[in-house]
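Written out below as C-alpha cells is the structure these notes cover.
Chain lettering (A, B, C and D) follows the sequence in which the chains are written, and residue indices restart at 1 in each chain.
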Amino acid sequence: MFFASDNTGPVHPKVMEALVRANADYVSSYGADPIMDTVRQQVRDIFEAPQAAIYLVATGTAANSIILATMAKPWETVFCSRVAHIHEDECGCPEFFTGGSKLTLIDEYGGKMAPDALKVAIEAEETRGVHGMQRGPVSITQATERGVIYTLDELRALTDIARSYGMKTHMDGARFTNAMVALGCAPADMTWKAGIDAVSFGGTKNGLMGVEAVILFDPEQAWEFELRRKRSAHLFSKHRYLSAQMQAYLTNDLWIDLAKQANGACARLTSGLKQIPDVGFHYEPDVNMIFAEWSRAKHQALHDAGAQYYVWSGTLEGDDPDEKLTARLVCDWSTSDANTDRFLEVIRA
Amino acid sequence: MFFASDNTGPVHPKVMEALVRANADYVSSYGADPIMDTVRQQVRDIFEAPQAAIYLVATGTAANSIILATMAKPWETVFCSRVAHIHEDECGCPEFFTGGSKLTLIDEYGGKMAPDALKVAIEAEETRGVHGMQRGPVSITQATERGVIYTLDELRALTDIARSYGMKTHMDGARFTNAMVALGCAPADMTWKAGIDAVSFGGTKNGLMGVEAVILFDPEQAWEFELRRKRSAHLFSKHRYLSAQMQAYLTNDLWIDLAKQANGACARLTSGLKQIPDVGFHYEPDVNMIFAEWSRAKHQALHDAGAQYYVWSGTLEGDDPDEKLTARLVCDWSTSDANTDRFLEVIRA
Amino acid sequence: MFFASDNTGPVHPKVMEALVRANADYVSSYGADPIMDTVRQQVRDIFEAPQAAIYLVATGTAANSIILATMAKPWETVFCSRVAHIHEDECGCPEFFTGGSKLTLIDEYGGKMAPDALKVAIEAEETRGVHGMQRGPVSITQATERGVIYTLDELRALTDIARSYGMKTHMDGARFTNAMVALGCAPADMTWKAGIDAVSFGGTKNGLMGVEAVILFDPEQAWEFELRRKRSAHLFSKHRYLSAQMQAYLTNDLWIDLAKQANGACARLTSGLKQIPDVGFHYEPDVNMIFAEWSRAKHQALHDAGAQYYVWSGTLEGDDPDEKLTARLVCDWSTSDANTDRFLEVIRA
Amino acid sequence: MFFASDNTGPVHPKVMEALVRANADYVSSYGADPIMDTVRQQVRDIFEAPQAAIYLVATGTAANSIILATMAKPWETVFCSRVAHIHEDECGCPEFFTGGSKLTLIDEYGGKMAPDALKVAIEAEETRGVHGMQRGPVSITQATERGVIYTLDELRALTDIARSYGMKTHMDGARFTNAMVALGCAPADMTWKAGIDAVSFGGTKNGLMGVEAVILFDPEQAWEFELRRKRSAHLFSKHRYLSAQMQAYLTNDLWIDLAKQANGACARLTSGLKQIPDVGFHYEPDVNMIFAEWSRAKHQALHDAGAQYYVWSGTLEGDDPDEKLTARLVCDWSTSDANTDRFLEVIRA
C-alpha cells in the first residue's frame, strides 16, 4: 500500500533495459552522445517543434530553476501559484539561480491560478518604477501540485494575459504526461499551441530513474541555458545514461502508457474511496494524485496495516478518533490493483 | 583506441547489476533509502571516520562547488592551482555557488602546487583589511588534472600551511582512487590523517554512471551542506539509484580494483610509448592519464586509424609534419590491452 | 504645499554647518575619522548600549539590506509586512544581498503585523525539512510605511514570538525618531529593551543629507557587516562627511527636535483635515505621514493650486468628480505652518 | 605633510558652496532633481556624447561594479590588470554584483596592461566551450593604480583588441581628470574616440565629497543600469546633493583646475625627490601619485616628523637603517607647496 509519492516506486523495466543497452562502447560525453541526437529528434517530432532546443537534466528543480533563470532577470518577479513547487519545494533554488528574483504568489484552488487573479497580480507589480520589481515570466504547473489540471482554454487564458504584458510563460511539467493523457490532447496543444514558451518535461515521476527534458520552443536563449546548466553543475559527463532513459521513454509511447497506468490506478482508488461514506475529496482528482480526508481512526488503521502516504494536514497523534485528517495519495505506473484494493479494504473496514 | 577521457567508457557491470537489483519495491526518496544507510557505514568504515557526514551528488562539479560554498564565505578567496578543475572546467560554478568568492591561482607543475607557492599566495591575501578578499580554504586536486599525484608528505605540507593560517582544505578527488592505489596508502592516510577537511570522492570517472560522494570529516556544517545541495537542485528524489552505485563501488574493493585496472592500462601505454624514440613526456604519469608529445605526422596517422584522444596543444592542421603536438591520453577501468597495443602499433609505425 | 515625501525638503542648517566644519584638514578615510569615534560614543550613550557596533551608510536600503544579509542565510526567509519597504521599494535588494532569501509577507493593518499573523506565518515555514525555506529574521518597520506606530507592548509581542523560535529581529527605523517621540520613550525602550537585535536608524528622512546608522546590539557579526558593506560598495572613502552629519544630528537633541517638528506639522495638518466633512482617514496618523481620502474635485483643486503629494490610489483623471481618491501626505522638519494652512485653505474651499 | 591618499583632504570650497546653494526648497528625489538635468547636459557637452546615459553614484566601487555587472554576464570573465582596483580593493564587489564573474588578471607594469598580454589572455579564455568562462569586457584604469597613464594610442591598442573579439571596454576613471590633463586631450579623445564604451568618471578623489558619474556612451543598457543601481542600494533619495557636487565640478573647468593642481603638486614633489641621491622611482609619475623608495632611516625621520603616507612595501620596523622601503605618495588639489617643501626638507636632512 504505497501511495507516498510518484518518486518512491521502481523505474520501468524498459528504461532499465535501455540503460543496460547504452552501457557499451566509448561514447562522447557532455551531451554529444548519439542517443541524444535521437532524443532531440523524438522531442521535436512529438511536440511538432522542429526549432526547439532540448536539454536533459536529472532533477525537476534543476529544470525549473535553470529555465526560470534564463527567462527572468534578477530584478523581475515570477508569477506562480501559492502552492507551486518552485515556491514550496525547491528551498529557494529559483531565487538562487536567477540571482535574486522574487516569486509573486497567486491564490489558487487545486493549485490552479485563476486568470483574473493572475491579471490582478501582474497589474500590482511594476507600478513603482525603478523602486519595485519588474514583471517577469509566469510559471504554470500542469498537472498541479494538487493533482488537478488546467483545460487547454484555461491554459490559454493565462498565457494570453502574460503575452498581453509581453511576459513569457514556463510550464512545470513534472506530471506533464499525466495531465496530457487526462486531457487527451497532443503535446503541442498543451504547450506552444497554448502559448507556453518553455517546458520542464518530467520523466522522473513517470517511470524514469532521474531525467527531465527542458524544451525551449524559442531557441534564442539556448546557449545561455547551456552555460547556466553547466555552471550550476547540471551537465552530466556520462550524459548517455540520461539520453537512454529519455529515448526509451519516448519510444513506442511508453511515456503515455505509464501515465495512463498511473492515472488509471488513481481512478480505481478514487472510485473506491468515493463509495466510502465518510471520505471527502478536496478536489476532483484529474490525474494520479488524491487529496482526501477521513477520520483519524481510519488513518490509524491504515497506518497500522502498513499503508504509506502523507497525512497532509493534522497528525495521527490526537485524542479525537473522529477528527478528519487529510491524506495525499499518489499513484505511479507501478501501482498494482492489489495494492489499491488492499488499501480500500482496510479503510472500508 | 579510446583515450579521450575516463568519462567516455561504460559503467562497470557490477554497478549496472546493482542498479537493476535496487529497482524493486517502494523506497523512501531524497536520501532516506536504506541503501544510503549502508553507504554511510561503508564510507565511515573505509575512511576510519565514524563522525563523518556523507552525501551523494551526481557530478564532480556539484561535489566541489557545494563543498566550497560551505567552506568559503562570499568575501573569501579559495586557493587552488592554476589548472584546477574548479577554475578551468566548471564555468564559474564555485564563484556562483559561493556567492562571489574569488579563486587565487597558484603556479603549478603537473597540476601540483608547491608549498612555498601556496604560502606566498596566502601571505599576499588578506593584507588590505576590509578592502581585499579574506583568506578562504585551499582546494587540492588528487590526482591532479595532469595525472600526477602528491605524496602524503606533500599533502601534509600543504595542509599544514593552511592550518597554520586557520584555513580549511578541500580535496577534489575526481580521481581519488587512482591516486590512492598509486600511493598504496589507506583512504584515511590521504585525507583526514593528512589534514584534509572535506573530500569530493569521485566515482564517475572510475566506473560509476554518475555519483560522487561528499565526505565532511567535521559534520558541523552537514545541515548547511544539505540545504545548499537542495537549493542548487542536486538532491535526487530517486536517490536509491545513486546509493546503489556507491554501494556496489565500495563492496569487495571494486573501487580499488577499477582504479588499479585504469592505472595498469596507463602503465602499459606509458611503457610502450617510452620505447618510441621521439615521444616525450610532460610529466611522469602517476595514475591513468598521460601528457606526451610526438610529431604531427604520427598524430595524423593515429587520427586516421581512428584513435580518440585530445590534442592538448597545437592542432592537427599545420604544414610541418615534424612539429611536436601534445596529446592527453586517459585510460579507465575498461581500457583493454588490445586497445592499447593497437595504439602503440599505429604510433610505432 | 509640499507633502510629497520626507526626502524632498532641505537638510537642516545645523547639519550643513557641520559638513562645512568637517571640511578642513586631512583626515583618515573609510571610517577611521575621529568624528566617527564621537558618533560611536554618542550612539552607544543614547541607546544605553556600550557594546553595540555602529556603522554609517548613505541609504536606507543599504542599511536594511546589509543588515538582513548579515542576519539571514540564503536559504532562510525573512518575515515582514506585506507593505514593508524591504519588499515594495528596494527592487529586490534584500534578495540580492542575502544571496537569494525569500520574504514571507504578512498581512498588515496600517503597516503593522499582528502577533498572531506573525506566529501563523512562522509556523507555516520550515515545515518541509530541506525542501522548504528555513526561518530567518523578522523585520519590523517603526514607524510603519503607513505612518502608524507599534506600541512598546506590540513590539515586544512580536519580538517575543521571534525569540521563542530562536529568530532575530531587525527594525527598519527610516522614521525611527518620529516613532520614538510619538511614543515618548527612550531609544533603548524601543529597541534592545523591546527585543530588537539590529536597527536601521534613519537620518535621511529627518533632516540629514543621506546618512543612516546601523546599530548591531550584538557585535558578534560586526566584522561580517563591515565586509558586506565594503563588497556592496557602501563604504565611503570620505567617510567624515557621513560622520559629521550624524554627529550634528545627535548633538543637543537635534534629531528629536526635528522629529517633533515633523510630527507637529503633521498633527496640525491632520487636525485641519479632520474638520473637513468629507475627508476620511485610512489610519489614525501617529507620526508625520497621513493616508486620507477626499473627492477627485478637491484633489484637482489642490493640484491646480500647486500642491505636491502622491495620489496613492486612483488617478486624477476620471469622470466622476465625487469619487474618493486616497492621498499620501508627508511632513518633514521643514514643513511650515503657512504651507499647511495654505493646503487646508485650498481643500476647504 | 599629508600624502596618504587623494581621499583624505577637504572638499573644494566651491563644491561646499554648491551644496549649501542646493539646500533650499522642495525638490523631486531619486534623480529627478533639476540640477541633474543640468549635469546630464554638462556631461554630454563635455564628452561630445549627446546620446550618452549619465548617472551618479557615491563611491567608485559602485560605479565600477554596477557598470561591470551591466556589461558582463555571470559566466563571463572580465579582463583587467593584476593590480586593478576592481581586483584588489573592492572586496569582491565585481564578482558579487555580476553574479559570479571571474576577473582574468593580466601582468602589468605601472598598472598598465600591454596589448600583447591582453591578447594572449583573451586567446586563452573561451577555449573550453561550455566548460570554461566566456570572454567578457576589458576594464582599463586610467590613470592606473600606480600613477601612470596610457597614451591615447595605447588605449586604442587595447580597445582595438577587445573590439576584434566583440568585447566591450570599461574605463575605471577614479583619476580620470588627472590623466586627461596629463595627456592634454579632450574627454572624448580619452574615451569613446579611443574605443571606450563606459566610464566611471571620478570626482571623489578630485575635490568632491563623494560622487562618481557613470557614463554609458551606448544608452541601450541604461534602464538595466538603473535597476542594478537601485537594487544595490545606490540610488539616493536626496539625489540633488550628488547632482550639486557634479554640477559645481563641471562648471568653469573646476574639475580640470583641481586635477592640474594635484598633478602640479606631485610634479613639485617629484622634482624635489629626484634631486635626492638615494631616492629611486618605481615608475615615472604621470599624475598625482608617486611610488618611490628610500632608506628606512629616512622613512623613520619622516614618520617622526609627522609625515603621512603609506609604506607600500616593507615595514618601518626593522634592523637595517639602510634598507630601501617603498613609499606611495599621493597629492590632491589641496596639497600646498609648504606641505611638499616641508616633506622634502625632512627627507633631505
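As a convention for this text, a contact is a pair of C-beta atoms (placed from the backbone, for glycine too) under 8 Å apart; a residue touches a chain by one contact, two chains touch by 3 or more.
The structure presented is a predicted model; accordingly, all values stated were derived computationally and were not measured.
**Student:** More C-beta contacts across C-D or across B-C?
**Tutor:** Between the chain pairs C-D and B-C, C-D carries more contacts.
**Student:** Determine, using the mean of C-alpha atoms as each chain's centre, which chain is farthest from subunit C.
**Tutor:** The most remote chain is B.
**Student:** When the centre of a chain is set as the mean of its C-alpha atoms, what distance in Å lies between subunit C and subunit D?
**Tutor:** 34
**Student:** When the C-alpha atoms of subunit B and subunit D are each averaged to a single point, how far apart are the two points in Å?
**Tutor:** Centres of subunit B and subunit D (C-alpha means) sit 42 Å apart.
**Student:** Between subunit B and subunit C, what's the gap in Å when you average each chain's C-alpha atoms?
**Tutor:** 51
**Student:** I need the residues of subunit B touching at least two other chains; which ones are they?
**Tutor:** Only 74-75, 90-92, 96, 99-100, 130-131, 227, 230-231, 235 qualify.
**Student:** Draw the chains as dots and join the ones that touch; what shape do you get: line, ring, star, complete or other?
**Tutor:** Drawn as a graph, the chains make a fully connected set, so complete.
**Student:** Can you tell me which positions in subunit D touch subunit B when the two form their complex?
**Tutor:** 74-75, 88-92, 95-96, 99-103, 128, 130-133
**Student:** What does subunit A use to touch subunit B in their complex?
**Tutor:** So the residues of subunit A touching subunit B come out as 2, 4-5, 7-11, 13, 16, 19-20, 23-29, 57-62, 65-66, 90-93, 96-97, 204-205, 209-210, 227, 230-238, 241, 308.
**Student:** Given the complex with subunit B, which residues does subunit C contribute to the contact?
**Tutor:** The touching residues are 30, 73-75, 99-100, 130-131, 134, 224, 226-228, 230-231, 235.
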